[in-house]
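Letters A, B, C and D name the chains as they come in the text, with residue numbers starting at 1 for each one.
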Amino acid sequence: MADPTAGTTSYDGTEFVLTDEQEAVRDLARTFADRTFDESSVRGLLDDPRGFDPAAWRALGRDLGVLGLALPTTVGGDAEDGRGHVELALLAEELGRVLAGVPLLGSVALAGTALARCGDDAAAAELLAGVLAGEQVLALAATDAAGRWAPEDTGVSLREGSDGAVLDGTVSHVVDGAAADTVLVVAQSGDGPRLVAVAAGTSPADGLVVEPLTTLDQTRRLARLTFSGTPGRVVGDAGSTLDAVAAARDAGALVLAAGAVGASAHLLATSVEYARTRLQFGRAIGSYQGVKHRCADMHVRVEESRSAAYHAAWTLDGATDDDVRTAVDLATVVTGEAFPQVAKDTVQVHGGIGFTWEHATHLYYKRAVGDAALLGGPAAASERLAASWLDATVASPAVGA
Amino acid sequence: MADPTAGTTSYDGTEFVLTDEQEAVRDLARTFADRTFDESSVRGLLDDPRGFDPAAWRALGRDLGVLGLALPTTVGGDAEDGRGHVELALLAEELGRVLAGVPLLGSVALAGTALARCGDDAAAAELLAGVLAGEQVLALAATDAAGRWAPEDTGVSLREGSDGAVLDGTVSHVVDGAAADTVLVVAQSGDGPRLVAVAAGTSPADGLVVEPLTTLDQTRRLARLTFSGTPGRVVGDAGSTLDAVAAARDAGALVLAAGAVGASAHLLATSVEYARTRLQFGRAIGSYQGVKHRCADMHVRVEESRSAAYHAAWTLDGATDDDVRTAVDLATVVTGEAFPQVAKDTVQVHGGIGFTWEHATHLYYKRAVGDAALLGGPAAASERLAASWLDATVASPAVGA
Amino acid sequence: MTSTLDQAPAPTTPDGARARALAAAREVVAGHPPTEVPQREFLEACFDAGLAWVQFPEGLGGLGADQGVQAAVDAVLQGAGGPIPFWLNPMGYGMAAPTVVAHGSRALQERLLKPLYCCDEIWCQLFSEPGVGSDLAGLATRAVPEGNEWVVDGQKVWTSSAHKARWALLLARTDPDQPKHRGLTYFVLDMHQPGVEVRPLRQMTGEAEFNEVHLTGARIPDSHRLGEVGEGWRVAMTTLMNERNAIGGGSSVRGSGTIADALRLWRERPDLHTPVLRERLLRLAVRADAARLTGDRYRAEQGGRPAGPEGSVGKLTGAELNQEVYELCLDLLGPEAALYSGYDPTDAPSAGDPPDLARRFLRSRANTIEGGTSEVLRNVVAERLLGLPGDVRVDTGRPWKEVPRG
Amino acid sequence: MTSTLDQAPAPTTPDGARARALAAAREVVAGHPPTEVPQREFLEACFDAGLAWVQFPEGLGGLGADQGVQAAVDAVLQGAGGPIPFWLNPMGYGMAAPTVVAHGSRALQERLLKPLYCCDEIWCQLFSEPGVGSDLAGLATRAVPEGNEWVVDGQKVWTSSAHKARWALLLARTDPDQPKHRGLTYFVLDMHQPGVEVRPLRQMTGEAEFNEVHLTGARIPDSHRLGEVGEGWRVAMTTLMNERNAIGGGSSVRGSGTIADALRLWRERPDLHTPVLRERLLRLAVRADAARLTGDRYRAEQGGRPAGPEGSVGKLTGAELNQEVYELCLDLLGPEAALYSGYDPTDAPSAGDPPDLARRFLRSRANTIEGGTSEVLRNVVAERLLGLPGDVRVDTGRPWKEVPRG
């Protein structure tokens, strides 16, 4: 599926070369991330029931105004002509570098994009206003009860209750699902899948049970939501639902890939610094090829991750002639291979200390492992790429129009 | 399929511990291989139309008397109770170490085993007599026209001609097929597959065309045989054919695996010697971890290859409680992975010189690549193991009786 | 044979000693049935009968027999339901006992060995330090003589069971002016004294399987020294070789060990199967089996002789295989892999629970570090088994205190 | 954009120079249509118009323009059907010309550059030696001054096109008493003289793509020296960096390059498909694309600036990818992979033949060796891009003649 905005405007920049405005976004994001999140604040959130830092979220939304960079102006964002994904990637990269505890993935990339594409700008703008101000959290529930990404059939059903629409069913692994003020649920109706907004304030008496899950990656929270005749508000067109959710997954996958770039680059820098300064047998361990060549391979992985993630961002911006789905899946597969490997290499370079709770590496390693379980992960992306590149009898993987 | 002799006799030795007699076979084989084949004689055979050394073959058969070690006494061999596979493996290992140009695989392991199991000991003994004396060469044609191992249907058909049985069809990749005095062809008859002996002296007028193939591995010759109403002699029972050919493949796979052990061990020794003595930047290259760790990994591969190949040999001898097919397939997969990798590592350790025609490494590398294309290779063995270990719903891969 | 471990060992001992040991073992299990009497009673009976370590002298838990007899004795004792002593007190049984019997005074042996075997006294090992990593001989913990005692200051790490240990094997520096390997001495340290502080060291799984041990003016009587002053490295090397071989020991039954977790998951969850994951599992199962057979082969080829550096091969392949096995398990589990049973140390599953794959997955990251990093093991394989030259050394022959550390 | 290479370069040059160069290019293709006139006539016209290397001085094949203009000029020339000069005379065009123009006398430049560009004179490179491998600066070929000449003795290897070359770039040792990097000097050697003997060096594919060159009293006038005596290493480094970047340059079209061979085989032979091979091919295609995009990104980020050590990344990944691509092709082919088109040097396929996958498979083994081994490239990446410390050196600062070699 091609990005509908691609090709409709001509883009005068060069892929991989940041504009001054994009450079400014990166600098802003980096400064913010470094000032707001250090290892101690990240660790402080591990046991926090909300799992994120509301002050940081407000700062991103209200003070820095960067949460709408990739959301269209028609729903209250800043993006024209479907642009802004390079900016979103830069923001996600810098936040990923420090494992920032903010609900960017669930609120902006997933729920925000789905709303922006749902076909009802007014409702989208209304639901997004609190997010763009950093005051509220949204989540998108497009998984099934086993946590698999399954927008075609989440297993939640939509029916007409006495007082309007009500939902029944269970979804799991909902990103930012426990912290969300509103959850956008993909539910099956007689008209096919629909988006239904459920207020998290809905009382258990109304049949909503929200269970925070104990996640391997404590820096990214997931929840299981059970609906039993739970009232909700249907938003958008029936016909737009799956396209909107697919666009949300593209944006979410971009945020994951870019975050992986930031995190991997951080791990590499940590490993290099350790290898430069840690002595064994009277020499820096980085002078041994066993460690040195491992670091070289980590560097190659980080570089390729960055290329693939950035290419996805420029492609989502309509600034390359590549196919959106291909570019995003490629970024997912490349970063999905590189990030865990770089994290494992970081543990090995650090030796025993890298295995301890006190050392920050495990937080990144778990992020890498946890990310692979979201949005279908590298496994599904790889399968789609194989279907597109290898299974077609006529088409070649050369870039088409 | 379990080896029919397994479990019928109790074996008083210990797996992996050679008896004095087996030690003697190894010493004999090693001395013979070192005296008879050096790089120059192996290279001399590359362009030889026969592709093997008849004098060496005679010496193995007549003087050393080692060609019948794993063939039963009932057909003129030396093996009692289905034993002798350890001895055969030791012989193959030493011959593989020097890439000896002798038709052990085709004549003894493949055709010899098939005859020994065909159900007609008298015919087998008659056909094998010349081989056991090192005077003749036999080949087994159980491949199809594309060179795939396909005993169930080689594509060669057997029918009654005016003067007896005649064959029609094409088989390719027949090991030792051009040098063979007699080719044992698996042909489809109304009774299912049958073994048919065709004398290579059969004139083209009788419809036999033997084409030597230009092989990647010049040290192991393959041929394409086309039969057009070619007369042959049916041997053995109809019901035994497939079991006989399966046993032949087991013995052939053992010879390939053991040969790979010898060849890999030789490559490792060459690499270690080069790494010890070649200086770069004033130091032996083996003192750099880049080279050193590669050699360590090569060693692990060689050790595991030896364990797997020897285990297959002891299992074929009925001296373990493992399943024959499993043990042989395991040896094929382990050596099929290790041998090419060790050869590639050898090229890399040697640098440019390892890429030249003058250096012997390429002969081993090509042997490794060529072997993988025979008898179904590691791909088919791996598939069988997966079916046995992973696909069965009840059986576990724990060793059964 | 794949079942070699179940068989009687090769008869390298005079039949008399062997028969005597087996008779003693049968007598112990008859008089103190391990499934009926308290464990301590059974262990004490074993010790007194000389069945703890048959090769040790009589009176010290042994019979002065050939070590090869132990397997036959263990078959009787464990066949009757007796415990595997190694797992009750690993550092004590596997490392302390052989070292004490080789290097301690008779009085020390008599004091230590029986409570060790009977698990009245648990042992730990104080070798690793935060600063040393793979360069164990570079350790900095000092032991300074004072009268008839040694006073010890320093910090140790990666100590299992330190919180429940009564005794520790300690390697400390007694002469910083010597090159590093020559200034070390080996001691038995009493953990129950004011100068010893044990702090749990939490690991990425959430648990604290290891400890840090801070030594501040801890005291050791000179009679608790094992081996000569300055000979500590040589004494320690014997011990470490035992540890590495224990880690890489491997199994002799196909499909057991770590790979069993992946095979079980595969069998129980056909819903997770894909052709690609099937191929990955098959390759891991093949590697596991090749490693298993290699362990079997080494044991068979070595007969009763102690393992040498070949043990590094099993440790190296086993560690990397473990990691890949649990990576596959998590890939198989898909979204389920995003969950965890809990990081609170009390969340760790007990022995009866089904395997906690995510926890084992995290734990496996340490496999290529603990007991010799994979880098060090590859050096050992290449240098000691293949004869490749060592790396260029900048520390050889220099006094320890002059070699840069950090 | 995935098609950046087709676009006009960034306008870093004054529009005047650019417009003038483009006008000259249009004039050349109008006056000497490359598809109609002999190639030599076209090349001479390009040279005379200053379009050979636009950044070179006028009269030497250039216009003194910014190097960035070359891409636009080449688009015109090659768009009209002109050849890619690099492939006509790779060592001449890519390495000799920039070195001669930077370090040669004006007279030498005038003598050498035009015949080089017009392919009247082919060039080769005499750097590698049997004894040196990765340690290029350790080379042993001696050049001894004699009057106004140098006399050269030694043996070179891995020389492409030596049998058809008129000139060679030569690196030789002029002072063995200096540390190795400081005793080298860079020359232009006339290959047409009695002291030069070229022998083909056969490789595992059967062909002889390279040569050995034996130098026995070969003579070089001092005017053919490039750079100062003892400065040869510095001069050579520029050249080598160009070579490495050329090798790792990569493609900017998805699915082109080496991976195309595997993709074509996959498309043409559905009978060979299996799920496991499909996964392997997909992973290789992903890696190829990640490498391609990384090359694109580096080019975009560097603008017109010459590539630095980042070029090593592409060379490293490309070399290992090539090998895996052809391994996959052979695994796909199954029994067909056992065959070969022939080892006689005359069996090598010509340009029009379908790809000879087995030959390319064998050829790819050299990819991780030639132009910098993968080990050396990992050192470059780690030391020059990441700042990790170099290995302990035993040769630094020692006179070349005292450093062990072999």
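What we mean here is this: contacts are C-beta pairs under 8 Å (C-beta built on N, C-alpha and C of every residue); 3 or more make two chains touch, one makes a residue touch a chain.
Source: prediction; values computed, not measured.
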| item | value |
| --- | --- |
| Farthest-lying chain, centroid of Cα atoms versus that of subunit B | A |
| Chain pair repeating A-C, as identified from B-C, B-D or A-D when over half of the contact pairs by residue number coincide | B-D |
| Chain centre separation in whole Å, for subunit D relative to subunit A (CA means) | 43 |
| Whole-Å separation of chain centres (CA-atom averages), subunit C against subunit D | 55 |
| Contacts with 2+ other chains: residues of subunit B | 283, 288-291, 293 |
| For subunit D, residues that touch 2 or more chains besides their own | 279, 375, 378, 391-392, 394 |
| Residue ranges of subunit B touching subunit D (in the complex, touch as defined) | 46, 143, 146-148, 172-173, 213-218, 222, 277-283, 288, 290-291, 344, 347-348, 351-358, 361-362, 365-366, 369-370, 372-374, 377, 379 |
| Touching residues on subunit C, where the partner in the complex is subunit D | 274-276, 279, 391-392, 394 |
| Complex contact set, residues of subunit C against subunit B | 1-4, 10, 253-256, 263, 266-267, 270, 278-279, 281-283, 285-287, 289-291, 293-294, 296-297, 300-301, 303, 313, 316-317, 375, 377-379, 381-383, 385-392 |
| For the subunit D and subunit B complex, residues of the former touching the latter | 128, 130, 133-135, 138, 157-158, 201-204, 206, 323, 330-331, 334-343, 358, 361-362, 365-366, 368-370, 373-375, 378, 391, 393-395, 398, 403-406 |
| Of subunit A, residues touching subunit B in the complex | 288-290, 293 |
